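Here subunit A shows up in two complexes: once beside subunit B, once beside subunit C.
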Partner chain A sequence: MRASTLLSESLAVLGKELTAELRSRVALNAVGLFGLTTLIAVAYQIGPYRIQEQDRPHLLAALLWVILFFAATSGLSRVFVKEEDAHTAKTLRLAARPLAVFAGKFLFNLILLAALYAFIVPLYCALMGYAVQGVASLALLLACGAVALSATSTMVAAIISRASGSTTLFAILSVPLVLPLLVMLIQGTRAAAGSTTIAAVLPALQGVVSLGGATLVISVYLFPVVWHD
Partner chain B sequence: MSAVSVEFKGVSKRFGNRSVLAAVSGTLQRGRVLVVAGPNGAGKSTLLNILAGLLRPSRGEVVYRDGDAPLARTHWFEHLGMAAPDMAVYEELSALENLRFFARLRGLHLEDPTLQELLDGLGLPPREHTRTVGTYSSGMRQRVKLAQAILHEPPVLLLDEPSSNLDEAGHGVVADLVARFRELAAVAVATNDPREMTWADARIDLAL
Partner chain C sequence: MTKTRLRAVLQWALGVWFVLVILAAFFYAPSASGFKGESARIVFFHVPQAWVAVLAFCVNLVASLRYLRTRNPIDDARAAAAARLGLVFSLLATVTGSLFANVMWNSFWNWDPREVSIVILLLIYAAYFALREAIPDEERRGSLSAAYAVLAFVTMPFLVFVVPRIYWSLHPDTIIGATGQLKLQMESRMLQVLLGSLVGFTGLFSWLYTLEVRLARARLARRGREEV
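So, the complex of A and B:
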């Protein structure tokens, strides 16, 4: 029987992902460059002054999440596709428990998203003149959004990893799953920008936490089937 | 190392309309090497994948037993080691890092000297242990794959074309490995190499 715990196996998978990514930088470059390019294009074409005052709360919140979501999409799908492409998936299947694989990959995607948010959000606020009143509320919303987005992306990435044209399939499958989440995140961001109180973002936060939690629970049950069959 | 045996009865596999295996039966047990022979496309790798639990048979069954007690499919992986041409180790990691990773996944607390000794034994020179696998030749990669398969001294060892990409010395290393594991584990070797067929205590010949 195994002497290792699920936690130590998950951390081993996470450690392997981080080491491999720091050496190849494929996902980091894809996510970072896509995010930066989109941000610069938006900032150059729209900037802080080309949106009318009454439209600013809606548009700036929506634009922020469009940039974050599509930048994330370019990198998050790789966690399982690269295992299949490199023929390491079978080796991993025989060595690790499915839940440890899911947890390790989920945590890796979470770290990738956190890095993306830390890089893009302050830059976006500076370039677009986006003054956020409730910084703590926005940080909380970003954290919960990252967990929900990472859970969804990791699960979808596992489902599509053995299909051909998997990157396209990832986008097609992700969008309907992520759309309600994005709507709530945009609403929450708009509320955080206009108010310093957590109460303002609470309805959106509850929705994001519920969706993220549901996705995580479903993934825990579904992933072993997807991974082995 | 526990005595795990594997019994398979009437195993068939179809991919769509194409039948790859038809009612294949046999047993893997400690002290015996089962050689699965046959031309390319005869289903050797498919059979080994089914025995490893990586594929489900269309018909028939595979049963793992630890002594007399049957093992649930979810526990098969803990008892087996496998190396195959379509399995790889991580190119971004060194041989030593790969083995550390797989040891940790399997709950083994192995120190670097033990892992280095394993790699040395498979003919990977010490100077190569810390280079990333992406810079290796195909023969060196094969040695790391074999090390990954036997790292936990599994009671069931499945080897699919174990000498592929290896030179004459490498073939000798694999022959020694099979000889050592014959006493410790239930071993299956899928091959069409006449030299590897001589390892057989039992043999299944698959035809196209």
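So, the complex of A and C:
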């Protein structure tokens, strides 16, 4: 029998997550509909013309990340809670090593975030009249932001799945951890909207990459403790 | 000298030290220029409170890491005690900072990056206790809250050093300047009082922390006896 590697185990966990999600579409529906509903509410009430010209860079960047983050929150918390609810966590503990479980769930959350961004960001730009000069800079910022958000959310989701009152706890625990990241992402988005050069978003990007990287490394170290406790 | 007697002497010394710091803050340190009235004197209390809030966060991290290694309940009690004190001191730092903001800028709250940073620190401490409350099993509570504390600690350097430097801030210059160089442009008597206050507040934190840990140790011992 061929010994399974960490990569193959991680991909197997990711495959299981994707198959289960495509079957039920709970997280996809939650994230997509939450994002769409919030976007429509914001676009209807504020739209492209109700913000003063000088306030547009700040407000549009902040609103975009508020929509993206809260839409993501509705789906990212489920990755471990659903294992506890379905009583499959024990089987998963036996079937794969902790790092593979973390990697699989982290990648699943990353794909979920990428799908949300691909759906919401172009719609937001169209409905709010948000002209972004540095499209490449924004794409880079979204990618780094997704990695950092996914790392934090996956770890917090693992913690709350072992506690009672999980759904409310996710927001309570993740918002303070994610706020510095959101501040840097909003700042970077504002810079990307106003300039075509990558240099404009570099300070924010450095912050996002450092925080995301540090969170990812710490999560890899802590996950076995949380998972096997 | 017995341990109890030494503790009593240290407590009295701390009390006398604080009286001296308060007197020095109002009568020994000169007025600072560029600030409204005597508002700058709050620095002798506000800065040490913020320092203790960060120190408590560090103690919480060390105790949490120890708990993850040893699984000794007293380390979990140490982490919780540090977090509790950190919560109190970050609340005090927020209130004193807010009072200063009202005198200087006629508003208790200005959404300054440093105000936001300390509030996020408060939220992290509050979330830590919300998590502890949600887990009835003691061992699991210890390990999950320790994991959360370590994860939360990662954000602290970004809150304290990065975010306030990305955004323009009303806050007076901190000891480490925006370009990373050490800035100690303070009149020497003011600096003496500030350092004295830092020592006093650190002593106060140590005393309260020791009390909390002793109380937790006594509770654990009593429970151990009841279980036997």
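Basically, the second predicted complex is superposed on the first by the 227 of 229 C-alpha atoms of A that agree within 3 Å, B and C clash if a C-alpha of one lies under 4 Å from a C-alpha of the other, contacts with A are read in each partner's own complex, and residues count from 1 in each chain.
The rule we apply is simple: a contact is a pair of C-beta atoms (placed from the backbone, for glycine too) under 8 Å apart; a residue touches a chain by one contact, two chains touch by 3 or more.
These figures come from a predicted structure and were not determined experimentally.
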**OP:** Go through the superposed model and pick first if A:P122 touches only subunit B, second if only subunit C, both, or neither.
**Re:** neither
Subject >> subunit A residues touched - subunit C or subunit B, whichever exceeds >> reply: C
**OP:** Check the residue A:A12 against both partner chains and state whether it touches subunit B (first), subunit C (second), both, or neither.
**Re:** first
**OP:** May I ask you to decide whether A:T88 touches subunit B, subunit C, both, or neither, giving the answer as first, second, both or neither?
**Re:** first
Original post:
Where does A:G47 make contact in the superposed view: on subunit B (first), on subunit C (second), on both, or on neither?
Top reply: neither
Original post:
Does subunit B (first) or subunit C (second) touch A:S24, or do both, or does neither?
Top reply: first
Original post:
Looking at the overlay, what does A:D229 touch: subunit B (first), subunit C (second), both, or neither?
Top reply: both
**OP:** Considering only the touch criterion stated at the top, classify A:A100 as touching first (subunit B), second (subunit C), both, or neither.
**Re:** first
Original post:
Which parts of subunit A are in contact with subunit B and also with subunit C?
Top reply: 229
**OP:** Using the touch definition up top, name the residues of subunit A that touch subunit C in the complex.
**Re:** 152, 155-156, 159-160, 162-165, 169, 172-173, 175-177, 179-181, 183-184, 187, 203-204, 207, 210-211, 214-215, 218-219, 222, 225-226, 229
Subject >> subunit A-facing residues of subunit C, complex >> reply: 68, 116, 120, 123-124, 126-127, 130-131, 134-136, 139-140, 143-144, 146-148, 150-152, 154-155, 158-159, 162-163, 166-167
Original post:
Taking the complex as given, what residues does subunit A use to touch subunit B?
Top reply: 1-4, 8-9, 12-13, 15-16, 19-20, 23-24, 86-88, 90-91, 93-96, 100, 228-229
Subject >> subunit A-facing residues of subunit B, complex >> reply: 52-54, 56, 77-78, 80-82, 84, 86-93, 97, 101-102, 104-109, 132, 145, 148
